[in-house]
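In structure tokens below, several structures.
Shared between the two complexes below is chain A, which pairs with chain B and chain C, respectively.
Then we have the complex of A and B:
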């Protein structure tokens, strides 16, 4: 019915473990609170599991890349879509983590180095987000100024990393490489010594599918928890939420830091996927992409961010056959279309039209 | 009870509270003492400093001078959320509700501070029933009428079970019937849930219906204080304020 929102979820019968789990995973802050949804998700996961058996390694690797981008999309979804912090610089955390992973894993060889690189990369991007967020939220910066500051930070990194071509710009054995980027970043390997598994090709693909699924489910629990309600309250009206006794600055800082960690994880995995990272991750074009992905899919929903990221990246890859600039023009037009016609994004629109969707 | 004892027992007390915006003194040396359990109305012409005073009380504005004591504690330097945590809640002048969310989700956000998850759905329905909004539970709040939005915000502000509830023009823009219903809600919060209320209001009929005492603010200063009869019969008050309204 028009004017009704997807609302009530009946958790009153939450007795068994399945119901308790669904109670934690479901709520009005996520799409998909029905058995039909979980069945469809199971089918999708099944398809993703058998996919490598059906396609060549090029497709497997490329699909893994599309899914890696979803971490960046989810990070912006959490920060912007759920909490209303319009960050134009989630890619900064992605890039910083990628470079950090490169520096650590090139200097510390073997699986220990890549595991340490993964952890240090995430911690550094999270700490970086914490610092930027602290000055913004406790300095009273809000709305469009958040976008300006985060974009400025990103572009400063772009300029800085671009001038690191000289040999003096190296951390130990890792050369930053200026616009040519940092090369010979090793593949992620998990474990210690001989027991370590190098995460490449099909293993890499499964690693990304698994971590993305876990991240998605974990974030569903988060956004449907009390903190998730506060996040949505901040997005809708921060002043009102503050006067309900919530420390809204602290919640924003926490969410922004978590966003930095998520983007950072994506950046580490990306650097390990291509064995390479360059300053274009801090460029204006790349900074704008997560906004297009998430706005197109539906910024207020986790599934919107993932499907939006996957779909838009997939389309732009197909378009780039005709030339990279051309594909950017189409993407810009797509963003305009979505903002004007489907301001909520296409995923919630489609979802509510499905039989068994929450909209009915 | 002497005057000093009355001040001692007050749930909320301001001493010399002053707010200047450049050269303008919006709130000027206000000493206010609200007794526990009373319904106090704050009236005054436009620009008298009523809303500014409320913003000072909840911490949205910082006073230029003076102190605020709530339940005996100095809360002058507490942040907004810390004041709310001490049991102080407010409804804004323009309804501050979460327009894009359902009525149910709106109530969930304040109520989850008081109620654990297992019971919250039942408590939300109870809260909505109290304010005649149960049928609208799944309606998007932007689609509610203005009066329903006002009631929803009162429901949300009172969901925190505050000891003192501040209402900024709860009957503004309402029909006569809606105003009567709002007065009924105010009485019930006061009588059934033991809340003290400080209410800014322009509608003098509404003030008559709810006020146990009235403070008149004029040009930022406390101009008069007393029962509604005393205030209405005060020729000076009639001159500055009530004369414009009726009779």
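Then we have the complex of A and C:
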């Protein structure tokens, strides 16, 4: 694979485990490569950890939902922001994984079912992304086609799931339910038999915070590795990257599949959060949301995607309370504004103004 | 034999209908994409504007054909304004122009809902139906297929026989060179966007009598428009027509055998298979054939 061409980035002074860890986590492809950043992150995690002790269960559950959306944001950030593959399909992988989790966990009762559902859901969404990606990238279609094909796939899934209201549309005990959606999806439970822990309420919240933190750190390592450099190379100039001898198709397919897996994980967690999933996850409106989140936050940075997702989702929840029917108009206008005026997104802009920022 | 014939006729009519729908869905998108390389993700909403313009004029008392013209005019003006204010700033930023048009589409769907409510009262399909055996078919839908052919003819004439067409094709082939030779390429883009919007508006106007007129109606056309453009490739006339024939046939067969949804699914699967073999679509195939001889 592409990553074997040279040694790691210049961290030659690295000695000791902490230095080596920072060497892996830091690099030009992420914001926040300073001690101040890690201190701020530690404070943020600390706040997230004590948060449930301060607020009611409604707020905890809602914050967990906002954080679940971040998986979808991260998956689009990886695919679009880092690699330049403009995909409308992340919600398709999210939804497919959610439905798969529902089907498996309803049919196989108990913790075994939900663990199996989690794994099968992720595998199915990853495989789905792999297949769609294979045809697109190895066909060598242009970026524009990637966007419209992923959108077409999503819309066709929407029509498909919408017409599954009848009795005949059931997998075992799980009814797909058409526009009414699939109900009674169980909570995620981890472990086997009596040792299993049902992940609900506060436990669910901690589960999401933990997995999101791990995902974020894992992706930081990935994008600052040699593969990350190839991804950015593809985004900036695919042809040149190819001429340097990198197998860009393979890297794109790999990234797209990983994006499918990430979105899929989010979809599984989402389905178990609401115990419910319906075809609107494949709808035009929902397909637009990750793009708004990531574009607003800053598509080229992981932290931009997470902060963008969290903030925009939070604001749009407030909007739908106070702004009612205007919330979608405002979100659309926000997207237009960002593209025309601030194509980099808000987070890198703000970051540069911070005293501890890298100041690039 | 008596029962086979209507079945065959069914299939033929289904093909004609699919062909018309695919061409009309895609043509506005294809013109803009072929000329400017921009995919207008608000294409569905341009169609919606055409349908709204038609329905509102019709309910205001205009006869249907005039109402349709009003719908087309409204969409054209709308497209020109958007080109002038937004799209123009994003030339050379292909993906960003997609995101921007997507934002426009969101604003429009919800905006139409706020202004006009969740639906307009429908117009009703004119012209009755043709009977054959135990089946019948709407005359108006056959007329739509005819309209799609006529439209292709007009576009062919426009691109090959007029001064505008020559300049437009020159701009597609080599923008810089055309500019050096005195073609105002920015004006060409503005005009092309206007024509693309007019065509989308026409699609909306033509389909307005056959559909329920709701803010989200544009998405009905999106999948068909996308697959036709992808399978057709960048060549507006040959590519789009070829894609219409191929996809129309596939859609007709699958819809006839397994129902409407299977027809749609077959369109998508065909498209995904086609891009693996022909990433440039039918246009690319044509160029290979031309280059080979």
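Definition applied: the second predicted complex is superposed on the first by the 345 of 360 C-alpha atoms of A that agree within 3 Å, B and C clash if a C-alpha of one lies under 4 Å from a C-alpha of the other, contacts with A are read in each partner's own complex, and residues count from 1 in each chain.
One rule holds for everything that comes next: contacts are C-beta pairs under 8 Å (C-beta built on N, C-alpha and C of every residue); 3 or more make two chains touch, one makes a residue touch a chain.
From a predicted model like this one, the values you see are computed outputs, not experimental measurements.
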item	value
Which superposed partner A:233 touches (first chain B, second chain C, both, neither)	first
Residues of chain A touched, compared between chain B and chain C (which is higher)	C
Touched partner set for A:256, first chain B, second chain C, both or neither	neither
Touching partner for A:28 - first (chain B), second (chain C), both, neither	first
First, second, both or neither for A:333, with chain B first and chain C second	second
Contact footprint of chain B on chain A as seen in their complex	3-8, 10-12, 14, 28, 226, 229-230, 232-233, 236-237, 239-248
Chain A-facing residues of chain B, complex	58, 60, 79-81, 84-85, 89-90, 92, 96-102, 104-105, 108-110, 112-113, 117-118, 121-122, 137-140, 143, 156, 160
Touch list for chain A against partner chain C, complex	84, 86, 132, 134-136, 138-145, 147-149, 151-153, 155-156, 159-160, 163, 284-285, 288, 291-292, 295, 325-326, 328-329, 331-336, 339-340, 343
Chain A contact footprint on chain C (complex, rising order)	33, 37, 39, 41, 86, 89-90, 93-96, 98-100, 102-107, 109-111, 113-114, 216, 219, 222-223, 226-227, 229-230, 261, 264-265, 268, 271-273, 275-277, 279
